[in-house]
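Across the two complexes that follow, chain A remains constant while its partner is chain B and subsequently chain C.
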Partner chain A sequence: MDRLKFIVKRLAFMVVMLLGVATIVFFLTKLVPGDPVTANLSQRALNDPEIVEAYKIKYGLDKPVFMQYLLYIRNLLRLDLGTSIRTNKTIMWELGRCFPATAELAIFSIILAAVFGIFFGIISAMKRNSIIDQLVRAISVCGVSIPGFWFALLVLFFFYYKLQIMPGPGRLSTAFSSPEAVTGFFTIDALIEGDIPKFLDALKHLILPGFVLAAFTMGLITRTARSNLLDVLSTDYIRTAKAKGTPGRRMIMHHALGNALIPVLTVIGLGFGNLLGGMVLIETIFNWPGVGQFAYNSVKALDYPGVIGVSLLIALNYMIINTVVDILYGLIDPRVRTK
Partner chain B sequence: MGTEKKEPLLQVKDLSIDFHTAEGVVHAVNHLSFDLYPGETLGIVGESGSGKSVSSLAVMRLIPDPPGKIVSGEILFHGKNLLDYSEKEMLKIRGNLISMIFQEPMTSLNPILTCGSQIAESLMLHKGMKKKEAMKAAEQLMRDVGIANAEKRVNEYPHQMSGGMKQRVMIAMALACEPEILFCDEPTTALDVTIQAQILDLIKKLNRERNTAIVMITHDFGVVSEICERVLVMYTGRIFEEAPSQKIFKMPKHPYTEGLIDSIPQISDVREALSTIEGTVPNPTEKLEGCSFWPRCSRAMDICKREDPSVKIIEEGRRVRCWLYEGSAEDTINPDEESVE
Partner chain C sequence: MKKLLALLIAMCMVASLAACGGSGSSGGDATEAAAETEAAGGDEAEAPAEGEEAEAEAPAEGGDNTVVIAVISGFSAMDPAYVYETTPTLMVNACYETLYKFDTGVDTPQPCLVDSCEFSEDGKDVTMKLKPEVKFASGNDMTSADVAFSLMRLKNIKGNPSFLMDNVESVEVVDDDTFIIHQTTADSSLLAKLTYGSCSIVDSAIVKENGGTDAEDASTADTARDYLDTTSAGSGMYIMTSYVPDEEMILEKNYNYWGEQTNVDKYIIRFEGDANTQMMGLKAGDVDIALNLNDDTMDELEGAENVTTENTPTKTISFIMMNEDPEIGGPVSNKLVQQAIRLAVDYEGMQNVCGRGAITPKSIFQVGFLGSAGELDVATARDLDKAKALLAEAGYPDGFDIDLPVSDLDMEGIPMLDIAQKVKEDLSEIGINVNIVQQNWSGGYGDAYRAGDLGFSVMYWGIDYNDPNVQLAFLPGESVGLRCRWQAEGYEPVIEKMNEIIQETDDTARGEKLLEIQDMIADDCPWIVVAQASSHIGYSNRLEGVAFTDVYRVDIRTINVK
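Up next, the complex of A and B:
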């Protein structure tokens, strides 16, 4: 019963949060100097007052701002995110097109970041102050501080242009056609089609952007894992385990890691939310038709349904991720479970 | 369960331990020597910083290195020097032949593992039991240490238990493999008085029934009088006095022991203020001339400030490190040569 109450409360909270996000972003887009009409119509069309008027009426821009807001919220409550002023397609359709591309890349890179981050963190903590530790720490500092766009250009230059062992920008090589969209993830859709070469090609295209995006989060995860593991290794219960005769590897895996992972989960969650929001620069460099590009184009065109749509998507992502992280906390830590 | 004419189980000989800290080198333990006999209960008493916990950790080879380092001495267990053992060999000793329970039951258990599995782990590590079998044995051990509803509690987590219960779990864990020596590092300090008595009773019972040798590390002479047959009084990493415990209460020899015993509050006391020993334990990084206790000693003489006293055996089973007994000694052992710097 308590669990049901918790879920209902959580869902209600989500709805309120999303309405809040919609409201703030709506008025922010209205505060921005500029006019969606001038941003979207050509100079010739702008010279014709009739076209301008028709355009305004079509997108409801003729109504007072507050009316526009009420209309937007009414539609939102009907799960209608409106139509893009820029592309004249529904926002739902646009997000459905670009979100899977971003999600596929984000999932790929968060797995990279988590696996390597935790692994490096453990090694670094176990071999504290050794050369390996110094090296791992240097790598993680680099990961956090290298500008992504520069790193992206660098890896493209080396692995694509110089060594020619990796494919260039895009989600697929031109030799392949996009797989039939089932999940929107090219790798999975290619597998569903049973087309292994296409699957491998899609996977290869994920590697460079995935690695570049993972670098930052991996650096954070490594540092968090290392410092938490070191904290845990100096606790009384680890001393107890040592006094019991627990060997080193079991000490880490069985006694220390679970305790040390709790804060790491938070970092992974935040990093994943960040990645799902789309990375404008990286998506541009790798020509990745994702959320970041859509957000950028929407802002440029003052396409407020587009901007709000993306904002809601990002907010929703974070809420879902936080809920999942909370559930995982409970799985790891019995003290959270009983609360 | 006397100490007469048995082979010692554990012999600590001339043990010195340094800690390298930012403020300098701390000589935590200086030329410590003592014996422990099978089935015996030995108390090690001293204020915080006297080196008593460090000595016990040294026997388990659990001193964090860095910053700690055993610089000299031998720790003979069944005649074999534990300091020569590899880490792998030590794993077979720890928790199996020599166990330890700690002061802080609240933080000494892993919060994300069930109490039962933490007890069972010893059995799985040392007795080669399978998980299921070990959990059954853990349940029985919990019953043995007086935990009611053991069949339910075996699957509970530490945060679901009280401090006294956690300490019982710690004891069950330490005793799982029936060790020959159990080090108890202030096992009752963090507990309520009533629980303290229960835990001490339990330790006494285990000592009697299983013939486990107990080393009780404490700052509390009350605990010593409760369980120990023999007492070592430590100060600044040295033994100041060693005696059978009835004798030490009747007639302490060292002024420091006297001070410690005097500062136990008595119900019959009509004194307004509690008796204390003046001053505090000296800063361990500073090297002191003479006896390390003289600045706090009410009976300090000139020689105390110049020269460190050696250890004198003043009667069978009693030794004391104090200039007051110079000349009265039957023999002088272990002339303490301070490490030359």
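Up next, the complex of A and C:
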């Protein structure tokens, strides 16, 4: 019951936060020194007042800014995010098109980051100060420090261009058509179609961008998992378990890991939010038709509805992820639940 | 919980390993998949029934005849009445036809849908007859009513390219095959304008069914854009069967095509903004034609066995602009300073900055256009001593400091910033200290540039339509001329000559007048054209008939698989 109350409270808070984000982003976009009319109409079109007027009316730019804001909020409450000035499609349609691509890549990346990050963290903690530990720590520092765009170009150059063992940019090879959209995740939709070659192709296309995106979060997870595990390993109950002769692997997996994982979960949650929000460069380099690429193109064209739509989506993601992480805390650690 | 976590981890690792293990050759899998479908599907794709769209499923039967083109995105519309940017003309040319077209390597518009064309004595009215055999992809016959609808819809929709119809008063339908274009004044560039993708003739029955109108209130009443942005309604060689913005577009063969077809069954147009990505795709065989390469990527492709590269001059120019208004331009509004800067630019070095194939025209009229004054002799065009003397004469013997705002745009892959840096380097040799100020196009630069509020800058210009008259916009009092506040006052003879050029329907006479007008503004022009850019394209050797054209980028109608 308490948990239900907690979730309802968080959901209500989320609505208020989203309205706040919408307000801030709306007025920020209006502060940008540029005019969407001049950004999207040609000089010759701008010379014709009728064309300019028709354009302004079409996108509601003929009204005072505050009126535009009220209309935007009214439409937002009706889940209408407006129409893209750049593509002439509704923002909901655009986000619906882009989000599955981003989500599929982000989920793949976070799984890679979590699995390998925790694995490396455990190895590193178990072999503390050994060569393996030093190696893992060096890798994790590299993962955290390498600029994503540079790493992306590098892996593309080597694995796709030079070695030709990985597919190039995009979500699917040209020999395959996009699977019929059920979830929007090409891997899952290909499986639903029963097309295994297409599934494998989609999965292969996830590897390079997924690996690049995972590098940063994986580094963080490795470091957090290692340091937390070392902390837990120095506690009294672990010492007692050791004294009772519990084998090392069993001690780690059954006694230490659960407690060490709680902060790691926070890192995974935040990392996932970062992945969803920080894909602009990676999606552009890998020609991944996701939210990041849409955001980049919207900013370039001063497409206000597009920019606000993406901002809201990213904010919503963060809020949902944080809520899920809070709930998961309780599942992993009963002490958190009782608090 | 722990078991669940362990299971999840195990599944992820298995999935990752499975994917890695099978990644020996992505191309191999793709080919295998294509081969499987080929085996199942037979040799020849069957023509769909009349009006039926070809299926978008890939790989197509005869998958070898699918061609993949990589091109930058950055456009907003596929509805011909809204098409204005460069990239969509590639696709529009494949799906639609215009009354006239530019054939590759031919400088004058050639009849496409038109059988005959006759100008009235005053040049204002043009009577044209359609070819009788033309059919739309839907199977409908093309008639004069479709022509009138398409051109008047373009005019009344008041979109970016509607200016092409500014001089057209009406289109009169005489009979099914004959129509008359009534113009306000004679326009020597009419036929060139009619080649532009926006003047495509659309299937009016289908467009009307989907909310299209050519009425005067089309700017608010027409709702066909949603439909035409995702499918095509033309008579071209291909049909657009799928378009996902910023991702890809599929063009499939129009089996109702009235003319001779090529052997390419299907085009996949991939929107890839990065030259490196395009180059890697081309070399790896994933891409057949890469349209936005640059010097570095061309170097990388040199010697590649399966690829041909071409550098072809475009009609896109980059220029230095100097504001004529002393309050905005400061010292560069002085004619002597403008001449000094003109003499101080290292045009040869500028060509190197702009990449192989770049040339320098003598004036704002590009090399390749009717009436062009030809190429500048870059070896002798620079004279630093004379430039310094002119600066001293203008009252700046020690030079001066000046800001140079520059946008984040690029011209055929050459960042404006690179050109600005070269300008800075060149002008430092005559004592002008240039301070480069970087600005975003959409973050204020574009507004200031178009409003004529920039004092000193570098920018580029791509042609709106393939005719020298398009360059008349640079003259005093005209839309581009006003960007550096070059007013018409005091230039009455130039304006008179310009009007003569517009109305001169004899090309020989027009060419002479174009040369005269260039002489008239040679010393006064606040523009310095620093280079005419080159296009860098690469294509697979399995193709033939690939060539760059200014109008369509590449003309899909001429490409065949060997």
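Operating definition for what follows: the second predicted complex is superposed on the first by the 337 of 339 C-alpha atoms of A that agree within 3 Å, B and C clash if a C-alpha of one lies under 4 Å from a C-alpha of the other, contacts with A are read in each partner's own complex, and residues count from 1 in each chain.
Please note the rule applied: contacts are C-beta pairs under 8 Å (C-beta built on N, C-alpha and C of every residue); 3 or more make two chains touch, one makes a residue touch a chain.
Remember, predicted model here, so these are calculated numbers, not experimental data.
For the composite obtained by overlaying on chain A, chain B and chain C can both be accommodated side by side without a clash. Looking at the shared chain after the overlay, A:Y161 reaches chain C, while chain B stays out of its contact range.
Contacts of A:P64 after superposition on the shared chain: neither chain B nor chain C is touched.
Look at A:G258: by the touch rule set out above, it reaches both chain B and chain C.
Residue contacts after overlaying the shared chain place A:G245 against chain B, while chain C stays out of touching range. Greater residue coverage of chain A by touch, when chain B is weighed against chain C, goes to C.
Contacts of A:L302 after superposition on the shared chain: chain C is touched, whereas chain B is not. By the touch criterion defined above, A:G194 reaches neither chain B nor chain C. In the superposition on chain A, A:S177 contacts chain C only, with no contact to chain B. Of the two partner chains, chain C is the only one that A:T87 touches; chain B does not reach it. The superposed three-chain arrangement places the nearest Cα atoms of chain B and chain C 12 Å from each other. Overlap of the chain B and chain C interfaces on chain A: residues 254, 258, 332.
Residue ranges of chain A in contact with chain B, taken from their complex: 235-237, 239-247, 254-255, 258-259, 332-335, 338. Interface residues of chain A facing chain C in the complex, by the touch rule stated above, are 32-35, 38-48, 50-51, 54, 57-58, 86-89, 94, 97, 111-112, 115, 118-119, 153, 156-157, 160-161, 164-170, 173-177, 197-198, 200-201, 203-204, 206-207, 253-254, 258, 284-285, 287, 289, 293-294, 297, 299-302, 331-332. Residue ranges of chain B in contact with chain A, taken from their complex: 60, 62, 90-96, 99-100, 102, 104, 107-113, 118, 121-122, 125-126, 157, 159-160, 170, 173-174. Note for the complex: chain C touches chain A at residues 1-2, 9, 12-13, 15-16, 18-20, 22-27, 29-34, 36, 56-59, 63, 66, 68, 73-74, 76-77, 84, 158-163, 219-220, 225-226, 229, 244-248, 268, 270-274, 276-277, 280-281, 283-284, 286, 440-444, 446-447, 450, 464, 479-480.
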